[in-house]
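Each chain gets a letter, A, B and C, in the order it is written, and its residues are counted from 1.
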Amino acid sequence: MNESVYRKPEDLVLRLRGITKRFGDLVANDAIDLDLARGEILALLGENGAGKTTLMNILFGHYVADAGEAHVADATGALAPLRGGSPHASLLSGIGMVHQHFALAENLSALDNIALGTDSLFRPWQQRRGARRKLAALMERSGLQVDLDATVATLSVGERQRIEILKALYRDARILILDEPTAVLTPQESERLFGTLRRLARDGLSVVFISHKLAEVMTISDRVMVLRGGRVVADVATAGTDGPRLAEIMVGRPIPPTVRQSMEPGEAVLELAEAHVPGEHNRPALTEANLTVRRHEIVGIAGVSGNGQAALSNLICGLASHDRGRFELFGRAAAVGSPAQMIAAGVGRIPEDRLHDGIVGAMTVWENLLLEDYTRPAFVRARFLRRGAARANARRIIEAFDVRCPGPEAPTRLLSGGNIQKLILGRVLNRQPDLILANQPTRGLDIGAVTYVHRRLLEARGAGAGIVLISEDLDELLTLSDRIAVLYRGRLSPAVATEDVTIRRLGLMMAGHDAEGSAADAA
Amino acid sequence: MRLEPRSGVPVHLTVLAPACAVVLALALTAIPLLWADVPVVRAYGLIFEGALGSQFALTETLARATPLIFTGLAAAVAFRARLWNIGGEGQLYVGALTAVAIGSGAIVAPPAVMIPMILLLGALAGALLMLIPTVLKLRLGVDEVVTTLLLNFVVLLFVSMMIEGPMKDPMGMGWPQTAPVVDAAALPKLIARTRVHTGLILALAAAVAVWVLVNRTAWGFEMRAVGANPAAARFAGIPVARVMIRVGLISGALAGLAGVGEVAGLKGYLTLDLSPGFGYSGIVVAMLAQLNALAVVISALFVAVVFVGADFMSRSIGVSSYLANLIVATSLLTMLAASLATRYRLRWR
Amino acid sequence: MSEIVDILLSVSLWAAALRIASPLILGTLGELICERAGVLNLGIEGIMTAGAMAGWMAVYQGADLWTGVAVAAAIGMILGFVHGVFTVPLGLSQHVTGLGLTLLATSLSYFTYRMILPDVPSPPRIEAFQPLPIPILSDLPIVGPAVFEQTALTYFALIAVAVVAYVLYKTPLGLAVRSVGENPAAAEAQGIDVYAVRIGAVMVGSGLMAVGGAFLTMSAFNAFFFEMVAGRGWICIALVVFSSWRPGKALLGAFLFGAFDAFQVRLQQVVGGDIPYQIFLMLPYLLSILALIVMSRRAAYPKALMIPYRKGER
């Protein structure tokens, strides 16, 4: 469905024609055409892996397109060809980008990060006074306030995102690209961001908003372009369509909704009572945490990243110890601070960062599947690895968990994100754990992999496991969890039954208001 | 034009890469030779002749390769776990010092006791020396590159102190050297009237043992995981600190054995110039072998050929024998560059 | 005890301290620049050796002293360029590249020296930098003779500290260098050419290191001895950690080290005798290890140090 919206050429700030990009055999972008008008907010919608970020990375100069051409309006409004392959050239052409993972040097100040690259490297002094004046005016006009002299490491996620936007505005961006900007915000913060964007768009800024979340797209955008498998499959005015229709186009096939059958929870597998995990700078990372997880139940942990998720996850994974309170597994005190003992106790752990913590990329698939099991007698005899048994085990798991790979001997770094996650899932579920910790288990995965992971987690729940699901994706939490608790500044709210909770209420709790909705402190 | 990661390393490349690296190194080293008006082909020919041109030359090469195999293994084991042990030189010397301290008459026993004892204690000395930087790294986050390097200097000064002091050979006519190792502790010669000794057999056995350890045992599995991704290893429950200490001890022990071999098999007594940089050359040996324990034997032979041959060439045509160091150092860099070819493919778009 | 006080109060101690510190100041500054840009340069020992040999040889062959310094710096920059190419665009191991470069630069220096000057009993000498008293300032009590009667290269080192500090903290170039060492992706997203800045920083740093080496043969002594760098390069690496990657603290650290070294030499002469001289010679190395231990706990590493940056890997 390609409804080209008629647009006058003089209103165009961006014109892409036939943009194509290949990575080996994978065609990430396939002959994409895109028009963007002044003051327009365009949503680039598609599931993970559809090619949205690749397209914008080409526009911003991180990648070079294999084919196609791009034209950007200069200061007078005339379209001029864009020199590809250089962020510097894109910046000069008026394109700014807020990356999904903020491109900020943490040990430098906000002003340093904004001013970086704006002065010629041959100039023997910095133009700080002028910069401050310009930024003061920008902060006034856009409503984005930030302490310019604060070190980025001390700033919250919301503040960092404001710096990213100011960076682009400071360089007189006429086109602002935002890559999944709400992934790290509370619903309320997202609302504020949308307000800012609308204000900037009214002033003449054009916005490209990358997202895979339908609700946001419907809220903020004037127009929606849907990518699927690297191709444009729809280009419509937002007013003329709706969520369900876009969902269908986005995925291209009917996805049966994940259904969670209600179950009677069994005995407690995890018990946290007033648990306290120390953090950095004498600030506790987790305070007075109370949590009970039973068999046959999934407890979701909502919250913006940085509010204690790492501490909770590390505690259950065995990477951190609590210094106060109780932490019990299956009714007995847990042996803390030892991942090996957690594994032996029957805890299955799916880490947040699969590449960093989950797999050893340089080792083969069968070796990675052996990573947590290499001390078991089935795989080791008199200190020698039983390679045959390990390989056979790997083949079984690859089969059972649909891990697409050239074979057990393949180096794991070659696998796609979704298959790596399935490998980790297979490694964990193969041991039939009684407690599973799943930390952002579907981050960055395409819809097929997401559905698969959800199905497997529900199956494990059905088989008797208790699951702690930490996720930034509220939809995922609402779909999978029986009960939901919210982490805010290291404090865990009481877990509430999913039926009794709304996104709005969760959003408020994620921002620090308590379960009753009264403000504990300002967000 | 792009570099694209390879999915696997084709076997022919694992042999072709170091071979090309060596050829390239020889070609690059020809440049300073040409500048010095040295006949390049003749010089290289003399190196070849001096190392392989006669039976005696061959035995010299084998004798020279023995400590290089040990220090090469030491570096390979450590580097595989990303423990940068640059202290092979110092560990070699403490191994030698220990062998001499015990083997020059302090203890009297038959060879069946003496030889294993000096091997064991020499290895232990090297292991303990490496323990210090390893623990500093694990407990305090101190980079082991600098500590192992600085300790080399400290150890050499300590050895100098011992040689000029308490361990000075009373019958050495004042030369700074220790008393010789007694016959019972000396490693027997492999071939009569040559300098090749049983240390070579030990070195070869060590190479096989290390290969089996790294590739076939649970310990080796842990070492490889920790070296490739310490965070994932820790997450999976592998005791990273314990593994690193194991690696440090094994690495130091191997370097210590190099010293024992030199002192009890080759030279007989300890002087300050026992090692012309074997510890550092061991790093080159390990890199050329791409950290593979069996390949270390081959690359150690190559480095031995270069050094032994260069000595001969130097005496024949008066070219500084530092040419050997130059060739070996260049080989390290060319091998590093060649390793790119094993990991990436060039795509002409 | 009184002998120790005597040593501490003597002007010659502090003059010697600054003299001994000078190559360390330059080496530490050079390594600091490299590491601020995110590149660990283990070639420092070899680069200092090469600078020492090249600078001296240039003067021996007839050039004037400052040309010799320029030659040393140029050699350093070339070696730095090799290091940069291996570690930045090719992304090869910074550890192995640096060690290889040290081995290469050292062996090349020795080989070249031996080929030009065959072995002789006493090594040939040149006319080195002479002490250059600064008028008025050198008349100040204690500080005058200690600080302002040094050679030109020492003044160069002191000025270099100020220049490097200014550039690093007060210019756009310095900000670019620091950002490339903290988060190269952030720098690239702001239009900075990460590869160029990193390679440039390594070249400049290596040039300074080489001049530090040249100090040994052209100011401290006037001949080239094998093994004369004696691990100063590695000590500089320890000093960089000690200095928390700040030029001012690098100067302080190098100076304290020089003071300690000058002190132990004099102490040896006074106390000496019973204690083997090797113990005294060991002290600088042990002190460096100690400095590392003390500082490592609080080390505020440039975040992207030793992490190769691959362009376009997102």
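Simple rule for what comes next: contacts are C-beta pairs under 8 Å (C-beta built on N, C-alpha and C of every residue); 3 or more make two chains touch, one makes a residue touch a chain.
The structure presented is a predicted model; accordingly, all values stated were derived computationally and were not measured.
J.: Graph shape for the chains shown, where an edge means the two chains touch. Line, ring, star, complete, or other?
T.: complete
J.: Could you compare the number of C-beta pairs in contact for B-C with that for A-C and name the larger?
T.: Between the two chain pairs, B-C has more contacting C-beta pairs.
J.: Could you put a whole-Å number on the gap between the CA centroids of subunit A and subunit B?
T.: It comes to 47 Å between the two C-alpha centres.
J.: Based only on mean CA positions, could you tell me how far subunit B sits from subunit C in angstrom?
T.: From the centre of subunit B to the centre of subunit C is 29 Å.
J.: How many Å are there between the centre of subunit A and the centre of subunit C, using C-alpha atoms for each centre?
T.: Between these chains, centre-to-centre, one finds 45 Å.
J.: Under the definition above, what is the set of subunit C residues touching subunit A in their complex?
T.: It is residues 170-173, 175-176, 178-179, 182-183, 185-193, 197, 300, 302-303, 312, 314 of subunit C that touch subunit A.
J.: Report the residues of subunit A in contact with subunit B in the complex, numbered from low to high.
T.: 24, 66, 317-319, 338-343, 349, 351, 356-363, 367, 370-372, 374-375, 380, 383-385, 387, 406, 410-411, 413-414
J.: Can you list the subunit B residues touching subunit A in their complex?
T.: 4-5, 7-8, 216-219, 221-222, 224-225, 228-229, 231-239, 349
J.: Would you pull the subunit C residues touching subunit B in the complex into a rising list?
T.: Those residues of subunit C that touch subunit B are 42, 82, 86, 90, 92-93, 95-97, 99-101, 103-104, 106-108, 110-112, 114-115, 230-231, 234-235, 237-238, 241, 276, 278-279, 281-282, 285-286, 288-289, 292-293, 296-297, 299.
J.: Applying the document's contact rule, which stretches of subunit A touch subunit C when the two form their complex?
T.: Residues of subunit A touching subunit C: 53, 57, 60, 62-63, 86-88, 91-92, 97, 99, 102-108, 112-113, 115-126, 167.
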